[in-house]
Amino acid sequence: MHIHLINPNSTASMTAQVLESAMRVANPTTRVTAVNPLDTPVSIEGGTDEAMAVPSMLSEIVKGEAQGVDAYVIACFDDPGLHAAREIARGPVVGICQAAVQVAMTISRRFTVITTLPRSIPIIEDLVSAYGADRHCRNVRAIDLPVLGVDSDPAEAERLLTIQIHKAKLEDRAEAIVLGCAGMSALCERLSIATGLTVIDGVTAAVKLAEALVGAGYATSKVNAYDFPRIKTPSPAKIVEQALIR
Amino acid sequence: MHIHLINPNSTASMTAQVLESAMRVANPTTRVTAVNPLDTPVSIEGGTDEAMAVPSMLSEIVKGEAQGVDAYVIACFDDPGLHAAREIARGPVVGICQAAVQVAMTISRRFTVITTLPRSIPIIEDLVSAYGADRHCRNVRAIDLPVLGVDSDPAEAERLLTIQIHKAKLEDRAEAIVLGCAGMSALCERLSIATGLTVIDGVTAAVKLAEALVGAGYATSKVNAYDFPRIKTPSPAKIVEQALIR
Amino acid sequence: MHIHLINPNSTASMTAQVLESAMRVANPTTRVTAVNPLDTPVSIEGGTDEAMAVPSMLSEIVKGEAQGVDAYVIACFDDPGLHAAREIARGPVVGICQAAVQVAMTISRRFTVITTLPRSIPIIEDLVSAYGADRHCRNVRAIDLPVLGVDSDPAEAERLLTIQIHKAKLEDRAEAIVLGCAGMSALCERLSIATGLTVIDGVTAAVKLAEALVGAGYATSKVNAYDFPRIKTPSPAKIVEQALIR
Amino acid sequence: MHIHLINPNSTASMTAQVLESAMRVANPTTRVTAVNPLDTPVSIEGGTDEAMAVPSMLSEIVKGEAQGVDAYVIACFDDPGLHAAREIARGPVVGICQAAVQVAMTISRRFTVITTLPRSIPIIEDLVSAYGADRHCRNVRAIDLPVLGVDSDPAEAERLLTIQIHKAKLEDRAEAIVLGCAGMSALCERLSIATGLTVIDGVTAAVKLAEALVGAGYATSKVNAYDFPRIKTPSPAKIVEQALIR
Amino acid sequence: MHIHLINPNSTASMTAQVLESAMRVANPTTRVTAVNPLDTPVSIEGGTDEAMAVPSMLSEIVKGEAQGVDAYVIACFDDPGLHAAREIARGPVVGICQAAVQVAMTISRRFTVITTLPRSIPIIEDLVSAYGADRHCRNVRAIDLPVLGVDSDPAEAERLLTIQIHKAKLEDRAEAIVLGCAGMSALCERLSIATGLTVIDGVTAAVKLAEALVGAGYATSKVNAYDFPRIKTPSPAKIVEQALIR
Amino acid sequence: MHIHLINPNSTASMTAQVLESAMRVANPTTRVTAVNPLDTPVSIEGGTDEAMAVPSMLSEIVKGEAQGVDAYVIACFDDPGLHAAREIARGPVVGICQAAVQVAMTISRRFTVITTLPRSIPIIEDLVSAYGADRHCRNVRAIDLPVLGVDSDPAEAERLLTIQIHKAKLEDRAEAIVLGCAGMSALCERLSIATGLTVIDGVTAAVKLAEALVGAGYATSKVNAYDFPRIKTPSPAKIVEQALIR
């Protein structure tokens, strides 16, 4: 089984971290690979960053299809381009936000998400709601440290996350924590031990759910919404379109 | 890894079928076991059947904890006693309805559930809503055949399910189907091939999600709602209570 | 008219208190009785306690049906087994949580629930939501005193409830308070006078609603969801099943 | 105990019918009275009719307060002026739509409302939603007969209602029916017997709930939203305002 | 194009202020007029005030229809009688709460409403929810100054609003503010400059949306819910009814 | 005032039609321009098409900012890149779906959307829900004609739309129709006259709302979610990022 992680931003150190988190939990028989596009924003912090990252991310899925990838993980907590990716892929495509939310709803009754910048809070609130966890999610908090700050200064990120986890326990009555950024993946276990609260990392969750879906034999439904993109001619955008031909 | 399936009803043939479905998809290193209580209703068709089945089902979890089970699957689509089971178990407890709904939300945008008797429709609608899939679930349909009818006459069940799947495709614009009864598990693959629509079996989904959760290292949060049941004295119900002691 | 209260836990002093609250408000022509099973947890504090209490509670309804009871009140704020009870009973079955919520929605626009232990907060939040009061319920609070603590030290319960009621008034802008435990019933009037805020006791509310439903001639609909439990043979659980025969 | 029914429209025959329905179910010790304003629309069929009826209806509540009325029933299914009436009254004010919906949620899991004209359907849908019954209410249907048509030709109303009840049973899987017009009150019992489906009349429901609330000692909370209307000077609308002085 | 503002209360100074706000933003070719009834409450602070104001407000719409008004703005933040007004008017009727909410949802992702008295908070919360902004509206706050206090002491209103805007920014993470009272209209620009947060005035929003609707050629749909009020005979309320004849 | 329409697809004939629709309703003093990127899909029919179109669409907004555009209209009914566009633009950005939904909620109580292909139905349902019109939107229908089919064969589109409008009136009880594709813009008036039902075109609605927002002085809030995209260095994607510099 081949699970392919796509980090939509262009920061290779984050891709490496994400891959490491994935390999720590993947089954021995699972082949895990990871990639990031070269021409996307260095971090995803808002809708424009998402939009600029998605086409190149989709190109990686087109490449993956040619290589027989079984399932994809989109390793950014905003789940950018998730629906589009599912149109292109035959196998399942798992977003780390949706995966983390599904895990959180299964092992706790109430959870809190902690992300990087406050500007991402409404984005994540709307995602959590779209995934059906309105009542389960007590709060979305931010440590007010940019994504690259988490990557370059993990000790500071850990300190700020610890503060917010304690607040979530006390003020939100959170029973579990969801880390709201792929770049926090490496801190997950230490935070869980230090705070005594289950901490869920979306990358870990998504890799295991991807394995589960492939193992169960479930592919993306090609009936209606997630059908392959339509081929249209005459197209003034031929090159991109042809790359999407099944 | 030890995944333990509990069929809450007392019909051993259903337990056998559920175990077979589980073993077909489980990882080679996973130990899968299944059990059913002896003193519960022969099938779960409504709230009373659920209520009568849950205490014995919980006893199986108490036994499982003593045997070091890593995760449990409750193999009845009403997810009876799911919250209670999570209080008792250290590891994750996966309900087949919740698991199937999570899979359906990942591989399609709109799905329909097909269950046995019409009386279960409101129960399942409320569960689907509690799991956050209000907008994703187009409809809950019934084939109007009792659970034991599915068990004893699978050909008739298959015929009736095929009719409803075609209706779901046409009338509901369903992109995937969720089978709303553990006893339909063995029909899943044939129905999918025959109708050309992805058909999701909750047993399969739950076993793989249970493996995923254990593999990722996620246990049930013991903070607040899913904390172990409180020990209370003096109790006129000593025996049951003591069985639940951690 | 015969209204029968069932306290699902096995603490007789609580049953006595509940009966007293009921008799204080019942119509003179109403016969009010109360019972508690002997083999259930001494208090209901979470899903496992609920699950262990329901079968014996349902047996009391089976007995009640034989005695011609007109309506039942389930005297535990988690409304355990409410849907199951309605399948067995011909007359209405009123849960004290649902009754209190309906009263609160009628005499105020925004209310707060105050319960015993924090672990019950998510349970009650989900109930309140299922009863349609998401927007009306400002908050669910807990005094962090176990149910039996309320029963054995009512003065302490009153002190803690008074603190939370004042907080609910100030912080939640609550216009009414719902007491989230049958065992708080006797404190209701004193708390209302002391705090100047309408305090609603679910036992009182449920008894009066039960009288109202019987007086109006409304019985539980036996069409579909609340139809009598199905009789199934051959059943390895004959005794329990036969008790449920209509 | 004095329960006062206010029919907001000016059709005396409907007031008489409503009073008769109320007296049939009221407790022997309850004094039931009914009134209709003289200067309001002859029937309430839309928002303008509601608006034109409310001030005179509120005047009747001002009068009722002077006479020591214990609780009010607003006998129009749109529940016009319900929030305003609760500001003026000390005791509870029960709307027949809210009462019927609360009963329907208690004795069934899914119900359908049947009203007079299609133009009232969105109004009732929004009310049902505000009362928290979105998931419980399968459908709102109309017989397409004006309110006064129901009053003048009850046989035709009965015929049309019977058709819609059968459709609700078959197409909506309704487990109970709520009659969506006070003028249908007299037909309730016959329809229930003829169709085999529980039929709920809002007038009956509201009278019994009003008795229940008074019997339980619950008055309208005067904290915040339902506080008495504020007295303001200098007011160019002195007479009406003064009538509202506490 | 003729836009007609109706201030439902009888305080002429507020009508003047509302007209001034409207004229400041109206297109040069738009004729803007404003009126207030003489016999309504001096301010709208709760449901009774609303109810007492609506019939006279509707009479103003009847007059407006005779004068060829193209669209109406109801200049009270509770949007009293909005649905009724739409039944009577041929052109669009815009409520200042709905208009402000639509603007706030377009130029921000999360906003907070600040109104006059706390008793209006639940009313506004329910309106905001009915307009579909549940997730976008972070909070409804009150400055605890009556409507006439805003009118007579704008400096004090400005001081209190400034405090609440800063709290909304900090505690609610509001990205925009909606002023929850027509009488705050004149303070809007100053508050926006002073606090650095976009402040939305419903009067301004509604006038521009009314112009937009008329300019686009959209009138109120007369199919079903907003059809003209039905004419009914024999009516004991002839005069009012006849005024509503198309 | 300068309103700039961006047709995200690369079909110039649709851009021309959209511009024509806009100019028909724009104020005489409004300068209306329209553009389409050259390298995007020829039509937007699903998530991949959206994703491939957004970066070039955002580039047009960057250009527009340099030219002093006052407000933008995104002329595709999926509202692709709407949140991203609001981050980049100073003035308001109006999506034609959100605009049409806001108009529909103002001039009717219940409406139906009619789009091109069935695959877009779940996308539009989710958008309508995000814009708060869950209860107002009765249905989303499709004529099953691709976007370019509407463009090339408007007579066939009109015929199919007429059929669906009549069905919406009859089966959905729709009171207004929203055309769910920018390419249907030119058909709007004819359909409205032919069917007697108000038909709302998103392009028209959006242009007028954009004028309204600019006229009222409301710009996009730059506090939090819609703040300008963050500038990040060192970036391997320098060129695109620099284009976004404020």
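Letters A, B, C, D, E and F mark the chains as written, and numbering starts fresh at 1 in each.
In this section, a contact is a pair of C-beta atoms (placed from the backbone, for glycine too) under 8 Å apart; a residue touches a chain by one contact, two chains touch by 3 or more.
Fair warning: this is a prediction, and the values are worked out from it, not measured in the lab.
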Chain hops separating chain E from chain B, counting only touching neighbours: 2
Chain whose mean Cα position lies farthest from chain E: B
Most distant chain from chain F, judged by the mean position of its C-alpha atoms: C
Numbering shared by both copies at the chain F-chain A contact, with half separating same from different: same
Interchain centroid distance [CA atoms averaged], chain C/chain D, Å: 27
CA centroid of chain D to CA centroid of chain F, Å: 43
In chain B, residues with contacts to at least two other chains: 83, 86, 109-110, 118, 121-122, 126, 135, 173, 224-225
Contact graph of the chains (line, ring, star, complete, other): other
Inter-chain touch pairs (all): A-B, A-C, A-E, A-F, B-C, B-D, B-F, C-D, C-E, D-E, D-F, E-F
Residues of chain E defined as touching chain A within the complex: 109-110, 135, 173
Residue numbers on chain D that touch chain F, as the complex places them: 118, 121-122, 125-126, 129
Residues of chain A touching chain F in the complex: 10, 38-43, 45-52, 54-55, 58, 81, 83-84, 86-88, 118-119, 121-123, 126, 130, 146, 148, 224-225, 227, 229-230, 232, 234-237, 240-241, 244
Interface residues, chain B side, partner chain A - complex: 25, 27, 83, 86, 92, 94, 98, 102-103, 105-110, 131-136, 169, 173-176, 189, 196-198, 200, 204-205, 207-209, 211-213, 215-221, 223-226
